[in-house]
Amino acid sequence: MTTATALTGVIPPVCTPLTPDYRVDTGSLTRLVDHLLDGGVDALFLLGSTSEVAFLPDAHRKVVLDTVIRHVAGQVPVLAGAIDMTTLRVLDHVRVAVEAGVDGIVATAPFYARTHPAEIEVHFRTIADRAGVPVYAYDLPVSVHSKLGPALLLDLAAAGVLAGVKDSSGDESGLRGMILGRRDRTDIGSFSVLTGSELTVDSALWMGADGVVPGLGNVDPHGYARLFAAAATGEWETARAEQERLLHLFDLVTVGGTRMGISSSALGAFKAALYLRGVIDHPTTALPQIPLEGDEIARVGKYLAAAGLV
Amino acid sequence: MTTATALTGVIPPVCTPLTPDYRVDTGSLTRLVDHLLDGGVDALFLLGSTSEVAFLPDAHRKVVLDTVIRHVAGQVPVLAGAIDMTTLRVLDHVRVAVEAGVDGIVATAPFYARTHPAEIEVHFRTIADRAGVPVYAYDLPVSVHSKLGPALLLDLAAAGVLAGVKDSSGDESGLRGMILGRRDRTDIGSFSVLTGSELTVDSALWMGADGVVPGLGNVDPHGYARLFAAAATGEWETARAEQERLLHLFDLVTVGGTRMGISSSALGAFKAALYLRGVIDHPTTALPQIPLEGDEIARVGKYLAAAGLV
Amino acid sequence: MTTATALTGVIPPVCTPLTPDYRVDTGSLTRLVDHLLDGGVDALFLLGSTSEVAFLPDAHRKVVLDTVIRHVAGQVPVLAGAIDMTTLRVLDHVRVAVEAGVDGIVATAPFYARTHPAEIEVHFRTIADRAGVPVYAYDLPVSVHSKLGPALLLDLAAAGVLAGVKDSSGDESGLRGMILGRRDRTDIGSFSVLTGSELTVDSALWMGADGVVPGLGNVDPHGYARLFAAAATGEWETARAEQERLLHLFDLVTVGGTRMGISSSALGAFKAALYLRGVIDHPTTALPQIPLEGDEIARVGKYLAAAGLV
Amino acid sequence: MTTATALTGVIPPVCTPLTPDYRVDTGSLTRLVDHLLDGGVDALFLLGSTSEVAFLPDAHRKVVLDTVIRHVAGQVPVLAGAIDMTTLRVLDHVRVAVEAGVDGIVATAPFYARTHPAEIEVHFRTIADRAGVPVYAYDLPVSVHSKLGPALLLDLAAAGVLAGVKDSSGDESGLRGMILGRRDRTDIGSFSVLTGSELTVDSALWMGADGVVPGLGNVDPHGYARLFAAAATGEWETARAEQERLLHLFDLVTVGGTRMGISSSALGAFKAALYLRGVIDHPTTALPQIPLEGDEIARVGKYLAAAGLV
């Protein structure tokens, strides 16, 4: 393990633009990175759920890593998800990501296999032993089907195993308990608590969270940067107004309705918005997701307009 | 797609023996294959859940494929799981398996991503389009967190997309509905219905299933072969007695108790039994599974003795 | 507790006919009882899930108990569900049912409250202590959201707390384990294992179950009686053919499609079938269930015709 | 339906003190009510989950209603839960509560039965039609196993069916969407949004919620009243500090550990705290809950001391 400076601020999970035949669209990807850096984000998170990591073959994942890390060239830290079912498979992704030059790794608990808390602990300890860069836990019960316990996370923080957590569980009470637990314990050095709940960022920061990993931050990085800056300077009403604007914008995820999965609807709408904003060339999402159709994409445009993004 | 002769009989999901440092133990693996062939199994299923496929890196998976296919040399059909989160990732595994020479592919619905039935259909259609060998659906809600609908499966059978299903859902009423639906429909050619419920094989065969994919078949292939043979010749009471003996044997999966996941306890016990029977060299299970301890392994031995396997 | 003779055979959960203004239609109810007795059933189970017990106020429940017990007049045993959230509420229902003259009580684990296995044990022990009639456990995870463990059930059987179980969990492997566990243990006297899985009755009996509690038995009691009689005399192929006919008939539960809950669709279809067969006067189901419409009821008729019931 | 003035502030779900033989301890109950009124609460919510409503027979429920309503004598509004499985059963409780003089009714979606959204709508419409007092929806997926959709709730608000919602879903993003949706829609009159998440009250109020229904408010009503008052006057840092103190206090719910259900542990700890504070005579919880033991009760005392409540 390597000591990390605590990560803070806005760290969007970067969408992975695709060509119509499902290859990584590297031109669009670098434009998206520029769009995010221009928006004032503090770091980038590649290969997260919003990046369609679950849909990307290993070769695609490597193209993403190489393209972005080369393009960013150290301007901001770059984290990468090493998302796979269990420890040894995750370690393969860790090796590739570290060789590509990432500044940190993000990993979930095991999935597909049904796992015991003692096994989740072995999992993170093994990953951290071998990664050579800071490791962040990714708490995403909706995909992983187990919840990371705050006590386990804090113990692993104290042991130097984890450098932080991205909490996408939606459990705000648990998040707050973890934040206070971190404050109460004297044996924890640096441990970043990042929320993945993009609609309650002001309140998460209010509770003491260090930053946010907002999927919607692809579409409107400037908005999230303003939100974070306002919170950081104690202008909470400004932060709240920004958050409420973003919450209305977020409703664009509903345009796909019930004829597709809710992941597809959200990811498709984010990409449609980036396409409409001229950031990426194609709104294509990876197989087997049902794509948005023309009128649905047009409705995404109305949400952009209402949020002042046209 | 390629036309398949309907697969029938006992098709064990082959355990993957490991060395203590978590490499594939190819010597033990070929002995295990011999043990299964000697037991009279009808085909082999590599890289299924019981094979710890979720725990095996791609390189391990390839070693398993190459080792077994070379060793079997066409004596029985060899299927392989192409187990990954979504379509493009599954297709990478399909390519490797087909190049290695498998006779069929087994794939689940997408997981990690939350998927719509229309997307599950795209998933299987895409895989079948590109596989070049028969494709079997693997219904395993406990890992995949969605249930494959019988109507969808039968439609995909009629369309020539699926050559069969391994039903590990535990939903015997649904299994039976699918068996009768297959009989009722005139547009379905060959479609194998295989149960993964290893404790109700006699009744599944009684309902009209074609075969069984029993994890416990690693430990006692002869028993499952006798069970199937008895059913095939209408000696149902013999089949039932054999099944009841195997049900008692199956209780060896409980030796790990509550200090590990139930997957770990079951897989650890199967491997411990193979180790005690002299088939494999190490009872090692893959990280991050908690291993069985000495006294737990000894208790596995008692179950073997009670089942007449020492 | 009172010693029970082990309950066996066909024990339908009796539908509760309603008037269009949601009162108990006692005339239809007694005709339904006659229809079931004429069908050759072995006992009656009032106030189960198929009886819409969850929808019936206490006064309705009492009318059902009084009407049926008076009408049956001891011809067959009558069980009644005492379905409520926790122990003291269940005991109120037990008192009413016992005063009405039931021969046994059926109770689930607690629900709404989240309960520990140790609390489930206290629950059944308290009920049995005070009931004065045999108590049967009702395993219905789809409604109760916890699964009764076979070991706990067998321990409570050995302790004289439980006289049997109605297993509607759909877990056939667990059912079989319980049947064999009962056979293996020498400390268990009479303990009836009844399946609520109405589409796998032949195989449950084959495994050693004592009887069945089939919702569909309202519609076709004669069919289930023939099925049981065939199994009892070892004519398994006759039993299977009957079960397969009943499985096709069961598809009538699908006529409501996705515009209502699956409970409503099933209960509505059972009542529509009884209405079409002339047994009850109204196909009304209790609030807030969405009722079947005319064309849906007509389609129920087609299933009846196909099953030879017109 | 009756027009309600929007309910705001701190509305604790009142614990139901019991005697050791499980009768309602009316003396303790009135002392608890005085303790809450002294604490400065704005209304009372009887017969909610924290009141052990799921454990109380109808006669107990009536004693609670009569005792509290007589004692309060109009000082604050009194709501009551009409918690039961489905519509007609709920209506029986509504009648009793309205006769006893409650100012509003709180009802969940149907449970035990599996229900469709269209049926949930019928359920609330029927209840509101007949109640004669304002009806509040109670969103508690952990007990009811369905989530009330914000769009349905707002439609029912606009239709005059619902006077408010108690949101105990823990879904803060959904809560916020509902609050903004209420603000955006011009067709909604008075509709109270109350959070049941007692550890994020400052942030819920920050988002625009009208009040809180905190189980922990039984133990420390003064704390919640200070929290609300601070928020109401824009002293958010004071509110946050109060909330953080209450979050630490809330950890008393963990003293029961894993030998009982988490409901039992929480309800047992609340009652133990009230017992230790001299408010109620017995820490008894209703059957079949496992009670806290002496040393566990002593540990509750340490949490009280740490929170300055001794």
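Order as written gives the chain letters A, B, C and D; numbering starts at 1 within each chain.
Following the convention adopted for this analysis, a residue touches a chain if its C-beta (ideal position, glycine included) is under 8 Å from a C-beta of that chain, and two chains touch if they have at least 3 such contacts.
In UniProt terms the chains read A, B, C, D = Dihydrodipicolinate synthase family protein.
Every value quoted in this text rests on a predicted model; they were computed, and no experiment measured them.
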Chain pair, A-D or C-D, that carries the greater number of C-beta contacts: C-D
Separation of mean Cα positions, subunit D and subunit B [Å, integer]: 49
Separation of mean Cα positions, subunit D and subunit C [Å, integer]: 35
Sequence positions of subunit B contacting 2 or more other chains: none
Pairwise touch network: line, ring, star, complete, or other: ring
Contacting residues of subunit C [partner subunit B, same complex]: 170-173, 176-177, 180, 197, 199-200, 202-203, 206-207, 236, 240, 244, 247-248
Residue ranges of subunit C touching subunit D (in the complex, touch as defined): 22, 54-58, 60, 83, 85-89, 91-92, 110-116, 118-123, 126, 142-145, 259-264, 286-290
